[in-house]
Every structure is written in C-alpha cells, then in structure tokens.
Amino acid sequence: MDVLTLAQIRSWISAASAEIDKKSAFLCDLDAAIGDGDHGANMTRGFTAVVKKLEGGAGGDDLGVLFKAVGMTLLSTVGGAAGPLYGGFFLELGKQSLGKQTLDAAALTALLDAGLTDIKRRGKAELGDKTMVDALAPAVEAMKTAGADLTTVTRAAADAARLAATNTAPLLARKGRASYLGERSIGHQDPGANSSALLLEALAGICSE
Amino acid sequence: MDVLTLAQIRSWISAASAEIDKKSAFLCDLDAAIGDGDHGANMTRGFTAVVKKLEGGAGGDDLGVLFKAVGMTLLSTVGGAAGPLYGGFFLELGKQSLGKQTLDAAALTALLDAGLTDIKRRGKAELGDKTMVDALAPAVEAMKTAGADLTTVTRAAADAARLAATNTAPLLARKGRASYLGERSIGHQDPGANSSALLLEALAGICSE
Amino acid sequence: MKKLINSPENVVREALEGIALAHADRQRVCFDPFYITRKDAPAKGKVGLLSGGGSGHEPMHGGFVGFGMLDAACPGHVFTSPTPDQMFEAGKAISGGAGVLQIVKNYTGDVMNFDLAAEMLREEAIEVATVLTDDDVAVQDSLYTAGRRGVGLTVLMEKILGAAAEKGMTLAQLKALGDSIRATGRSMGMALTPCTVPHLGKPSFALGENEIEVGIGIHGEPGRKRIPMASADEITEMLMEPILADLPFKTGESIILFVNGMGGTPLIELYIVFRKAAQIAEKHGLKIVRNLVGSYITSLEMAGTSITALRADDALVGLWDAPVNTPALRWGV
Amino acid sequence: MKKLINSPENVVREALEGIALAHADRQRVCFDPFYITRKDAPAKGKVGLLSGGGSGHEPMHGGFVGFGMLDAACPGHVFTSPTPDQMFEAGKAISGGAGVLQIVKNYTGDVMNFDLAAEMLREEAIEVATVLTDDDVAVQDSLYTAGRRGVGLTVLMEKILGAAAEKGMTLAQLKALGDSIRATGRSMGMALTPCTVPHLGKPSFALGENEIEVGIGIHGEPGRKRIPMASADEITEMLMEPILADLPFKTGESIILFVNGMGGTPLIELYIVFRKAAQIAEKHGLKIVRNLVGSYITSLEMAGTSITALRADDALVGLWDAPVNTPALRWGV
C-alpha cells in the first residue's frame, strides 16, 4: 500500500478511539500505579468526543482541517498532561498537512516526526524520561528505515512503540506525575507510552487492510 | 454474717471497681450493639477515680460521708446516662446512711431500695424498659425475702440481678439510647443492667468472705 | 484503627490544647474541668449561652463558641456527655447577670447531666433555662421512650439563639424562641460507613461494601434500618421526604436548608446531595431562603450525611444573618 | 465504592449544580464550559484572579471564589486538570481591564493547559501573568524533572493575592508578590487511607491496617515512602521537620501555620496535629502569627493531613487579615 487516503485517516481515528476505549481500564491502572489513575478515562473521553465531532461532519476534505479538528477537540476534552500533548501533536499534523488529501510513507513519517517534535518542545521530555516520547521516538525512527510500503512502515512503527512502551517499566520517571515517586516509579510502565502505542497499532491495522 | 462494717463497704467499692475494670470491654461491646459503645469505659473511668479518691482518705468513718464521696466522684467522672444514675444512686445511699458505721441485712436492703427509687425517679424508667432498673429491682425484691444473713441476702441479690440482666435481651428498649433502635434493640442485653449485676456480684463476694 | 491521635485517653485533652493554641484570639480553654468559653466572657448583661456534649462531633460545640453564638461549650469524652461539674464551672464563668441558657441535645445522659448542673447553678443564684433539640425524625416520638435525638438542628439553634442573645433578648425570650425553633426544625441522617471510637478501637458496627445505614444518630450507633447502597438522589429523597412529611412543611413556606457531612464525606458529595435536596424542597413548594453545606455536626470519621430543614420567617432569617465570629461559623464580622 | 454520587460521569456537573444553588448569592456557575466566577465579575479596574485544577480537592478552588480571593475557578474532571477553553472563557468573563493573574499548581498538565489558555487570552488583548505553587518538600526539586507539586500553599496564595488585588495592586505587583510567597512557603502531607476516584471505582493504592503513606500529593497518588502506623506526634514531626529544614525557616521568624485535612480526617484529629506542629514551631523559635486548621485542599475522602508553613511579615499578615467573603473562607465582612 503506497498512499493513505483521507477516508483511511478518518478510519484510523475511529479505530484508535475503539482501541483506547477497549484499553481504558488498563491505561487507568497503569496511571494509578505511578500517577493519578485518569489517563484511560481522559483519553477515552477525548477520542469519543473526536469521533463524535468527525461524524458530525468536521474535517472536510483536507487532511490539515481534519487533523486540526482532532487536535482542537482533544485539547478541550482530554485535560491533564495528555490533553495539550496529544492535542498539540494533532494540531502540528494539521499544520504540516494543510491542503493535502493523501499521504505516502515518507510524508506520513515526516508528519509524525513533526508531531513528536511538538510534544518534546511542549513537554521538555527527552528519550528515557518515561513518557510517551519513549514510545513515539523509536516508532518514528523505525519508520525512517522501513521503506516505502505503508503496511510495512506502520507495522514497524506499531511494533517499535509497543516494545518501547513495555520497556519504560525499568525507567526512573523524570517528567510528569510519575516523577514525584522518584525510585518508586521504577517497575511500572508509563501510561502515555502505552496510549501512543495504541494509536500506532490502530494505524498499522488500517494500513494492513 | 450479720453486719457489714465501713471497712467492708470500702472493700466492696474496690472489688466493684476491679470487677468493672475486668468486664470493661464486655460492657462496651454490649453498649456498641444498641448504644454508643462507651458504658464500659465510662464505668471504669468512674470507679477508678472513686478508688483513687477513697485511697486518698475520702469517706472518713461515716457511711454517709463514704457513699457521698463515691456518688460525687461518679457524678463528675462517668458522664453519659450512667453518671447521674449511679452517682445519684450512691448520693442517695449517703443521705440514708448518714451517721451510720455498720449495716445489717434489713438496713442494706432498705438502702439499696432507696437508691433504686432515686434511679427510677431520675430516669423515669419502669421495669421492662431495658435499663439497669431491670437488674436492680429484682435484686432488691430478692433481698427482701432472703432473711437476715448478709451472705445469703447479697448472694440472692447478685443472682437475681445476673439472671435479670441476661433476661433484658428479649426486651424492646423504651429508655436510653437503645430506644432509638426500636425493634433492632431486641436480642441484645442492656449494658447498664449488666454493670448493676457486677456491682452486686462484688457485694456478694465481700459478704461471702 | 488508624487515627491521628497519640492515645485514646488523651484525645480530648490534646485536641483542646490544639484549640487553645489555634483560637487564643477568640477563645479561652479551661482544662480542669474541660470547657471552652469566649475570650471576653462573661458578657455583662447578656444571657450566657451554654452548650456541650460528647466529643467527636467537631466543630460542634467548641467551634461555635464566640461572638454571636455560644458563650461556652463543655466537651465530654468521645460520644459521652460531659459531667455536671463542667457545666457548673462553665456556667459560672459566662454568667453576666442575665442568666444562663443551656442548649441540650435530647439524650438521656446529656439531659440528666445538664439538669444537675442547672440545679447547682441555681444554688449559686444564677437563673437557668434549658432548650432541648430533638429533631431526628428517624426516631419515633413517644411519651414512653427517651424521645427523639437532637442532631443537626442544634447547629442552627445555637447560631440563631446566639444572635438573639447578642441583641439583648431576655432568658425567658430566648427560651421561648428556642422552643419555637425546636418545634419547627426536623432532621434525618444516614451513614455509608461506621466510625471507630478511639477507646473501642473497632468500628461501632459493620457495614457491607454494598450496605448503608439509614436513620443514624451522631454517636456511631446503628440506624433504624440497613438497606442496599443507593444513588445520591435516592438517598437524599429517603432523608428529605420523612423530614418534610413529619412537621409537615407546607407549600409556600420558607426554610433554612442544612446539608451536613458526618465527618468522612468530602464536600463535593455534599453539594450533590444539596442539589437534590433543593430540588425536592422546590417540588414541595418550599422556598430555601438560606442554606448551610458542610461538616458541622459529625461522628468522627463516619462517611454519610444528614439533612436539616427549619421553618424560617423574616425575623429568624435576620437572626441567621446577624454577625457571628466563631472558628467554625463566621460572617458579618 | 460507596459514595454519595449518582454516576461517576456526572459528579462534577451535579456538584456544580449544587454549588450554583447553594451560593447563588455570591457566585455564578457556567456549565459550558465549566467555570465559577464571583457574581459581580468582572471587577472593573481590578486584576482578575483565575485558578483551577482537577476536582476532588473541594473546597479548593471553587469555594475560594468571592470578594477578597478568586474571581474565577475552573474545575476539571476529578484529579484531571481543566482544559484551555475553560480558562479562556473564565478569563474573559473576569477581565476587568487590568489583566488576569493565573494561580497554577505546578503539575505538568495544569501548567500546559493554563499556558495554552494564556496564549489564547493574549490573542484577545488580555494581559496575563502566571504564578506557580510548588511547595511540596516531599518531592526532590530538580531541573530535570517536573519539579515539586503545588499543594497547601495554594490556599494561602489565593487568599493573600486576592486581598492584594482588592487593594488595587497591578498585575506586575501581584506576580512579584506571588513569586515571593511561592519562594517562602513549604508543605508536606501524609495519608492514613487512600481515596477512590469515582470512575476507577477502587482505591488508588492499598494500605495495610498498620501502614501509612508519607509524602503524598493531593491526587491519591502513592507517597514517597510507606511506613508503619505512628502516633500523631511522630507523624507531625515527620512533616514539620522537612518543611522547616527545607526553606529553611529561621529562629525569630513569623509564620502562618496551616494544618489541612485530606477530606476524611475529622477536625478533632487536626487539632491534635496542630498542637504538636505549634510546639515544634515554637521549639524552632518560630512565631505563629496566624493559623488555619481545617480541610481546605483535599483528596476526596482520603484520611490524612498536610502541613503548610509560610513566612509572614506584617504586610503579609495585613493581607491575610483583609476581608474575604467566599463559601469556604470568610472573615471581616
């Protein structure tokens, strides 16, 4: 598969929403262990609102408009740290894809890379701080060397994110709520890294159809 | 045994205090079931203070003065319903025994009868209301027909009180905190009836030595 | 039992030491016997307002001692009414020549101990009158029992009589006003969890994860009945309907509505209860002219709520609005 | 989970409905998006004070909206920071031409959401400044982490800045005053029990009958360490010593001492904690010029306490004493 269409991006968002909804309790439990237990609820609330928004016709026939609608909706419904981070992420995707209707592998990789950069700018987190960055960064890296087939590229991203999210467990949190726990944050996976992995898994799912 | 001496009355009070202290948790549990769980603590606090007072020399060589000291101390240390009731009871004993140094069976019976009357006046409880009256009234009745030997008379009182206290279980409380429970007060023994039984058991103990 | 205490025996004394340190600007604490008076007691020419009861109901009563409310409060041991010597000494300390009004919750122990204190004060030539609160509709009223418990209405009673006393009402007038408040206020409470009396060390009753007690008092005693867990709206209805039906409150009447927390219930839940209580009052055609939402008469750490409704004409509202300056209730000054 | 709620989704909305009904005399509640403003907002020519944060900390922040304190508060979902659209709308509603000061507890989510709101407000030509609170000494401070949490100091910050704003201080002056308060206040907290977030339905952590968490925040998160149950005096020492050592507070200094309840702890226990805290402060040669004892910044029904100490010169004390009229804090008016 060489291009993602606007319709497929829409399906990605719905698939991501379903995925997050299914794993909501899991994300909350991860957050309860080293945070405040709301990450799953926040993400579910946000993506449910996004899907409603898109079904309501938002997004039009421009990827930039579509991603902006997603970002704005997440910004005003998720709250907490994840709200501005994921909201800003999709707003950045929107800026970078304004006017576009399709994405090939290179464009998609560039887009996610830009989104990742925005998250790092906003949250000031580095690789290894035990945040969503730890899932997104390796995913983008993997995409860069996975060739031109979107099915392969997105699968590589999803697998890298999944593995990296699991590997946040031994890390000592330096950003977000988990950092308050100091040593006690060690041994637990980061919730945001896991929600990021879910988003990419949903994307890979769309591209494998 | 035909007369109780002042020294023996003092021993009664100390024995009663020891008895109540031993059963304090039991009395609290009874009170927790149908009241507020403090009867044992209240009585222990009160009688501990009484013993301290008497050891401090209070009471002198007059039964009236002795009982008054007991009553006043209970009044200012027990609190709750039991405080005024037992405090008033001993104050009444004091009034009735002023000037006396000894008590024979008839005098003792008359004294406890007067104390019971004071409790009924103050608390307006009748026989069967599920209160200490249900233990004290049968005890005094039993004394009246038990002859002149103090060992027999006080044993009769103690046994009657013990039996009557146990028999408060099926009663529906009409006075005190337990009355708030209505039907739910049925099936539990009254704490005050049990503390009264303990006082009389201690008395019988003294008279059997 | 996990509590922020040092030993069950010292709970009341050490709490009083904390109160003495925290509120030295407004209150004076006596430790032998235990009582709290306002700093400027006695107020010459003013009737002295005296209350008290077992500890464990904080801020009641000590938190209500101050200008515009109580002159003195006598704390007993936890859930145990104080003793006559406390009320006697406190009564003397606040007697400003116009007599002393005792505000007593209708519990056998409280009533008998305050009665004894009243006798003792009268022997000192201090005029004493007593007002009872017995507002708990969960208890069937009857001549043959101890009658109803005094609960939430006590808070409103102490605020309103306190204002009336500041305005110079005589002992007889205050007694009459108190009796009319007693006659026109009703309450009912429920518990989600029991509480643990320090010297007992275990909960006063056991409640299943899915059970609640309805018709509880303020001493950790079991309630009138145990039912399955219900929604805040259903629970509020279970409390409001008996309250409104008992007096009864009639369409068009104005009321002060008081939603109280039992000690372990967070404020956010009390507002959810108040929301429904207000809706029910409105449905009954009642006008809520004033309200109070918070934990003012508690049962240690018990989770639960009680609701109190009091008929309120303009005069009563005026007294409610009058300045009050106590650690727990303060406005207008 | 037993709570006085109807459904986890509706907790915040229904509590706001209760607040709107209970405090209509002083506050206005907007439901889309959620925010509370004082009734008379905007106050022309006065800097508007805006705060907010996750719900579940009541009375903070909504209970502090009123004369002499906050102009507006934005409640998020339970333990979740509110969203920029809430602060944006609330900020516009209270902007009286002198700018808006945001008081933000230092949590990544709160900071980022308030930052976004500030950008949006500036686009509306409204001047915005932000003051952070990060007073929790239980968290090691570091440039490489999210830094310290904002906890109890936030209450004192909002009271004092509120008074300063009423006195006509400019946005720049308030920002400077806020930063100095941030620099001179410290807090630490502990929990006897966890709390249950409604949508989770189970406690955020499990504590044994004989364990306590020391160094907790206000979001039901675990603390820095778990230790065996201790006495109130020992626990108070565990909180006070790090607080006093961190700044450090020096002999001869005056402080405002704030003993806070986490939501499920009865007032009688807080006074026992205050007693010891005051003794420790005295031992360190500190003068407690003002104090606050009660549950003002809570974690739902969590049992526990936090202590806050703030250096206080006469000017600060003057602002503390200035009139305030909010549902949760009121004096002088």
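Points worth noting:
Think of it as A, B, C and D in the order they're written, each chain with its own count starting at 1.
Note that a residue touches a chain if its C-beta (ideal position, glycine included) is under 8 Å from a C-beta of that chain, and two chains touch if they have at least 3 such contacts.
Model, not experiment: these values are computed from the prediction.
Under the contact definition, subunit A and subunit B share no contacting chain. Rounded to a whole number, the gap between the C-alpha centres of subunit C and subunit D is 29 angstrom. The distance from the centre of subunit A to the centre of subunit C, each centre being the mean of the chain's C-alpha atoms, comes to 55 Å.
Each chain gets a centre from the mean of its Cα atoms; for subunit B and subunit C, those two points are 32 Å apart. Shared interface positions of subunit B, defined as residues touching 2 or more other chains, are absent. If each chain is drawn as a node and touching chains are joined, the picture is a simple open line. Chain pairs recorded as touching, per the definition above, are A-D, B-C, C-D. Those residues of subunit C that touch subunit B in the shared complex are 33, 54, 76-85, 107-109, 112-113, 115-116, 138-140, 144-146, 149, 197, 199-200, 204-205, 217, 219-222, 224. Subunit A meets subunit D in the complex at residues 28, 32, 34-38, 41-42, 45, 75-85, 122-123, 173-177, 179-182, 184.
Subunit C contributes residues 2-7, 11, 14-19, 21-22, 55-56, 58-59, 63, 192-193, 209-210, 212, 229, 231-233, 235, 263-275, 278, 288, 291, 293, 295, 298, 300-301, 303, 305, 325, 327, 330-333 to its touches with subunit D in the complex.
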